[in-house]
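Look for subunit A in each of the two complexes below; its partner is subunit B in the first and subunit C in the second.
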Partner chain A sequence: MAAVLDSAAPVRQRVHWTDRTGHLALAAIALALAAFLAGPLIAILAQSVEDSRGEFAGLDNFFAYFGTPALAQSLWNSVWVALLVTAIVLPAAFLFACAIARSCMPAKAVFRTIALTPLLAPSLLSAISFIYWFGNQGVLKDWMQALGIEQIYGAPGIVLSQIFSVFPHVLMILVTALSLADARLYEAADALGTSRARKFFTITLPGAKYGVASAAMVSFTLVITDFGIPKVIGGNFNVLATDVFQLVIGQQDFQKGAVVAVFLLAPALLSFVVDRFVQKKQTSMLTARAVPYAPKPRRGFDLAMTAYCLAVALLMCAVLGMAIFASFVKFWPYDLSFSLRHYVFGIIDGEVNVAFLNSLKLAFLTATAGTAVVFVGAYLMEKTHGADWLRPGVQLLALLPMAVPGLVLGLGYIFFFNAPQNPLNFLYHSLAILVLCTVVHFYTTGHLTAVTALKALDAEFESVSASLKVPFWKTFWRVTLPICTPALVDISRYFFINAMTTISAVVFLYAPETRLVSITILNLDEAGEIGAAAAMAVLIAATSLAVCILYLGIGWLVERRTQAWRNLK
Partner chain B sequence: MTQAREPFLRLRGIRKQFGSFAALRDIRLDVQQGEFVCFLGPSGCGKTTLLRIIAGLEVQSAGTIHQAGRDISALAPARRDYGIVFQSYALFPNLTIFDNVAYGLVNRHAGRDAIAARVAELLRLIGLPEAGDKYPSQLSGGEQQRIALARALATSPGLLLLDEPLSALDAIVRVHLRQEIRALQQRLGVTTIMVTHDQEEALSMADRIVVMNHGVIDQIGTPMEIYRDPASPFVADFVGRVNMLAATVESAGRVRIGARSVACASCNAPAGRKVRAYLRPEDIVARPIAAGDPNTVAGDPNVIDAKIEKIEFLGSYCLVRVAAEGLEGQPLTVYLSLNFLAEQGLQAGSPLRLRILAERMRVFDA
Partner chain C sequence: MKPSFGRFAFLLGTALVAGGALAQGKTQLLVYTALETDQLKAYEQGFYRENPNIEIKWVRDSTGVITAKLLAEKANPQADAVMGVAASSLALLNSQGMLQPYAPINLDAIMTKYRDQKNPPAWFGMDVWGATVCFNTVEAKKRGIPKPETWKDLTKPAYKGQIVMPNPASSGTGFFDVTAWLTLWGEKGGWDYMDKLHANIAQYTHSGSKPCNQAAAGEFTLGISFEYRANTNKAKGAPIDLIFPKEGLGWDLEAFAIHKGSKKLEAAKKLADWASSKDAMILYGANFAITAQPGVAKPLANVPADYEERLVKMDFTKAAASRERVLAEWNKRYNAKSEPRK
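Moving on, here comes the complex of A and B:
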């Protein structure tokens, strides 16, 4: 028998054609993300270092920016407002999260639901509401002035509205962080006779610190990149987000607009990097052996927490309620009788019927196509092998959207797709580009949801399938997909709601025939029709709510059809 | 050199490198048709990596694999011919037992009736003929693992790979299932490789055991060879319990342990070398010292008097640690049955007379 010699060359497995198909699909996802995310971002960066003739100008645009006092002032305004909002919303939401995760407060689900309602409407709904409360014809204008605040338009209005609209985002992160507690630590502390305060500072706070850091970053980023609120209630108080819009749409100064976009991108990118780091730490905190913490009743504490949450919930209802109330009022503040005038005006004169249909189309397409792409992408990343040179790039592009503010993305789309030499130029001003932009804008959360669901599946399903010579897509279709349908429903709902309420990215991209209802609110407000603006914001919130209930029903059906095996005995 | 028979599976020069870490180094192994081979070793020894390389789920850095005369070194898993069972069972939770077992059959475009017949046959074979309509979550862990076995065998693969199939199960189910798997394997005659870190499992199931450590094969042999004639200190230590004693070679067949000169049949190292003597507890025969026994035993150098230090109760047998005269503080462990201890009224402090079975002692360089 001939001796078998070691070959020096490394062994490479011949790729099976089914795997090759998977690699091609992954390459397609990578290409799509490159075209609809990396391309626009690079276009912004390029634009920021070019002069108006397209020549390389180094950092001239940045110097010119700081040479314009008004613009530099906006940068400072944005930063201090974001810091102030974060400083207020963080402790407020932390206390609320404590009540939900660590007390035996009654009606937790109700409080939680109320606290999350701002997510159903565009962020500017709160701004509209605060105008009704404290604006020139506001109900409580005198109270406010008694406190020494001259008018709501400007920083006070922005701060108040942002607190309201950022609260649910921060709350969700903190509730998660505080729920991830190991009961054994508290039991050990009790056994050692530890005081309550000491337990809080040595166990609770250290356990949640990464969540708090993450929440602070999210809050800062959301405030600094939000466009709707400063547009509606900002008055003459300029911030970066409104500057971008002014520069690009108003003055057609793309270079300076790109510079501001880079400023908006910076804190978001920073918080993204910090958040990734923090997430890794957080997951390693809780081992598989940890025993989940279950709060025990404590009269005084529970009562105090209930009182606090009741107060917050009432404030939330006051904000949301005022918008609803004002939208049904005949002529604020003189004739408060019931009327559908604003709805009729908004829908007929504002031609919201077209816009509303467009919004629904956008939301539906995003919720279906987006979910499909996100899930297939996550599946290919998690469950297939090979084509390793592609994977780090796709991974980065899947996580990056979280760090890209909508305004920046939208602006990047203008620069990238409006360029006549771009073969994808035909997409410009189409509904398709709105869908693509929205999918990319909210890609990361969907991706992470899908990854979490996929990670819960046995890692060897694909190996077993290969040994049985069943191609991976058959297993995907028969096993992976049915098991993951609840996650798919979640992702789809997330896309739908966000597509209904988003303004920041699409505000640069809509055409007259593809305008959206969230954007008509801005236009109505600009035209002084604040009643109609409120009505349309409420309309969106109501639609979102209806869709949420619809999804609840779908979720229930899906659960029954595909998850029956979970509850067998 | 001529070989009696072309091996069914032939591994040559298999290496696996993870960065600078060598997980496997130059693995050479032949597995004969119909054989049951166990890869045994501590965690991190490379045994699972080797199995996954045979399955094509990992790619070796170098080396060749031939299965049934076919070079499968670079083939994708789907192009190879094996069934695999994982520790986690990896049953599809949303499919019925029938669909799970039929999973690989459906793809072969067998007729509906043929599939149903085959699945029924397999379910009978594993002793769960009624399970077809149930879902995996309705079965116990042991039953689920049997279903996984049926699924792996459904397409009649030439090679069955078992990756720690019993580790996730209760002790009693484990013992029961290992007999069942062995019986099934012998009935079907399918060549089988099982990875395990449980020496008892390997000893009781395998035709041959491959003992691995730090990415290399330390010894390949039948369970009896591995146990009785370990090729390295690692094998002696890892498989079964062993007394390890510092010793010096006196001459061929004799070693000095402490102050005593002991016969050791297997020792042929040069005189004066420091060695370690390995002696299994059951290779020390103990009896109580009777009233009329002589005080010193001049005749047999392998007979030593000792005193019981500690008795560890293990059920029908006890592990007894004894301090033997002249061994300079190196305690010995012997097995004594519970009945023996009771009949002789032995307890901590009782004297014992030990005889070391000279032919069973193994020495390795220190």
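Moving on, here comes the complex of A and C:
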């Protein structure tokens, strides 16, 4: 059937004006990505071929960096840690996503929300929490040493913290990939007496292939580019991301820092290639005639899934719980009596009244604008035709942000937007630039989630509407958008939570009037006020949690209004 | 769904509103700083008492971030002045021609070694932050570790795996330690010392405060850090002693400079005048044992009387010039093989 559809498309000869509108919109997205991602990136990466006086230096910086003895070590460390984290987090999150999308486990929404907790606070917090659990004064240090790990500082700490912090990013993509499935395939398989394992490998996995591949790339890239965690818990374990930090922040050597940043883009380029490869092979799960898959109760399976999710949820609560504990303790580890002084200190010292409001504004605007841009962009890429010369560029730009360390993006924004000749210069030091930077910073996961949701929908919807002379935006509004609302809710929640906690890029861009509460946390930690840093992180987490509950409510309403088709018998 | 230009119009709108909020009566001075928040409040109030018509807008962050930000903004400077940022960073900015030389009215009162040597100077110091070792007495007792008195003591086997110091490639504090050792014992002696010290180092951190914070929390017994952080941790109730190794201490200055190209030069000069005044020095003295004007600061409880004499001779311009070479050597020796050793 897919073959019939494919051959049906090229028959149309004239480009209809509605298609033109689609091209125009796509061009607008491309232009926006060029201005707010490509421009700043080029502005900073161009420095990799300049010397410290700004003269063209060819590849000198690259050769100088290749000559560094520590490079091979950092490169190898980065790669094996990222691979290990991905190898652990992918199956773990896949199982969790199966439980959410394919079982009749109770309290799914609660599990889903708990699985988001790593996003609720800056990754700094999870590192602090792991130090309190397993550090030299850690509660469970002896357990860890019994396992043969001598100290948490170094690779063990990085791997543990990264698994924790990458989990929700991966989960969001996988849940979307597994939520849309055609029940008829499973029914047919059942009728033929297919075994469970065979169903899994021939129906479930192929259907989720794009999601799984994307999730793997996201996990790998996030681990490679994050410097917050290795900085706090990495000890002497050098990785590429801490090299960037050393060069840019420690030595203000933008040129060599840019060289390392160029290296860090490699995984994104790789995922661009993988993406194009997988894209060709992925067929849509949800054809226009599909019967949506609804999990049926199966006691053993449901029980096993509940037990697994409970275990994961408990681990996540243990991490957040330790941070909450730390925020209420007078002086870790010597005086464990209850105290509110960290909250008082943090609120006063960080002038949280101003910063908190700014963070909320930023998060709200990012969630709104980000979701709209990401989803429209993904839709235009997936479901409209023509303007083929634009598409690879947009796709590449959509995948790049995850490979750009926040501090590189932030500095790129300074170079690009602060340049007096840039017509967008007026944005500098405004809240808008923080919003734009945050949307761009978290673009990739949002984009991949949207694409995963859209890929599950049959192109037949568009073809039918086209043959009925219904412009594509009506199909978008009446069919695509309602089917994808759960993914939309996820994406906007993702943007909101991340905007509340983001530090690395915005630390370069805020003005006195647009201070953010997440930056306060970084400064408090630096000042040794770890308790106060934890307290502020807990405040942010509580706010984000409240917003998540709001989203749960929205999700429930949306589900009732738009997802009724799932329950048609 | 709105067409995409609608969203952009919306974003532009937000930008304009944010920009418009700036219009007010007072002269607004944008000052980049690495000072602590509570210090900022005290200094700001002191300044306002004499200059009620100027309002300071602070951009506050760690020294590394502020310096990187200033350098990145070089093409179109935003800051009017830089206050409480390391003199070594300001020397770097000065070498890029980014500072506006100005002789504040109180310049003569400031010791010559604590300011830029040119006249008018591009920057002047406010106070000194010198190397200090934070020694956790509780953990030391548990492990039966004696209190060290000198740098050389730290190379003894008793301290193996107990010492944390800032990585000189990431932190200015770490770098002045290395500079001090090279100044004290020469190239060969300095590197020999660091080889021995390396055998005892548990971790090189990415910030100068971190080692003392870790010692304060008992994660490690000794943290090579700086005086101010040591004092604040002790004041919070951390069971630490402050050690100022006898051979000599690396140090840097919290310093002030006017940014070249400031459109509010008169107001920036007012701030420079105040920042170099005795009133200001008294405020700095509440946090730091040595201020740039001599004899102002009251003695601090945990700081020895001869602290200032222990400071090694520092040449910020020379240190900046040799920085790349020293860090390359340091990286070669300790970074490539800095896996935790057994």
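The rule we apply is simple: the second predicted complex is superposed on the first by the 334 of 569 C-alpha atoms of A that agree within 3 Å, B and C clash if a C-alpha of one lies under 4 Å from a C-alpha of the other, contacts with A are read in each partner's own complex, and residues count from 1 in each chain.
Quick note on the criterion: contacts are C-beta pairs under 8 Å (C-beta built on N, C-alpha and C of every residue); 3 or more make two chains touch, one makes a residue touch a chain.
Just so you know, these numbers come straight off a predicted model, no measurement behind them.
With both complexes superposed, C is the one of subunit B and subunit C in contact with more subunit A residues. In the superposition on chain A, contact of A:W477 is made with subunit C only, not with subunit B. Of the two partner chains, subunit B is the only one that A:V464 touches; subunit C does not reach it.
Of the two partner chains, subunit C is the only one touched by A:V373; subunit B is not. Of the two partner chains placed by the overlay, neither subunit B nor subunit C lies in contact with A:F496. In the overlay built on the shared chain, the residue A:N418 is in contact with subunit C alone; subunit B does not reach it.
Looking at the shared chain after the overlay, A:D19 reaches subunit B, while subunit C stays out of its contact range. Of the two partner chains, subunit C is the only one touched by A:L431; subunit B is not.
Legend: residue contacts after superposition of the two complexes on their common chain; A:Q137 is shown touching subunit C, with no touch to subunit B. Across the superposed pair, subunit B and subunit C touch subunit A at no common residue. Taken in their complex, subunit C has these residues touching subunit A: 1-5, 7-8, 10-12, 14-16, 18-19, 21-22, 30, 36-38, 57-62, 64-65, 67-69, 71-73, 75-76, 78, 89, 92, 138, 167, 169-171, 202-204, 206-207, 209-210, 212-213, 216-220, 229, 232-233, 236-239, 323, 327, 331-332, 335-336, 338-340. If you check the complex, the residues on subunit A that touch subunit B are 1, 4-8, 10-16, 18-19, 458-461, 463-471, 474-475, 478-479, 482-483, 562-563, 565-566, 568-569. Those residues of subunit A lying in contact with subunit C across their complex are 25, 28-29, 32, 68-70, 73, 131, 135-137, 150-151, 153-154, 231, 235-238, 242, 245-246, 248-252, 254, 330-335, 349-351, 365, 369, 372-373, 376, 411, 414-415, 418-420, 425-433, 435-436, 473, 476-477, 481, 507-508, 510-514, 519, 523, 526-528, 530. Residues of subunit B touching subunit A in their complex: 1, 3, 12-13, 15, 26, 55-57, 59-64, 73-80, 82-84, 86, 88-90, 92-95, 103-104, 106-108, 134-138, 151-152, 154-155, 157, 161.
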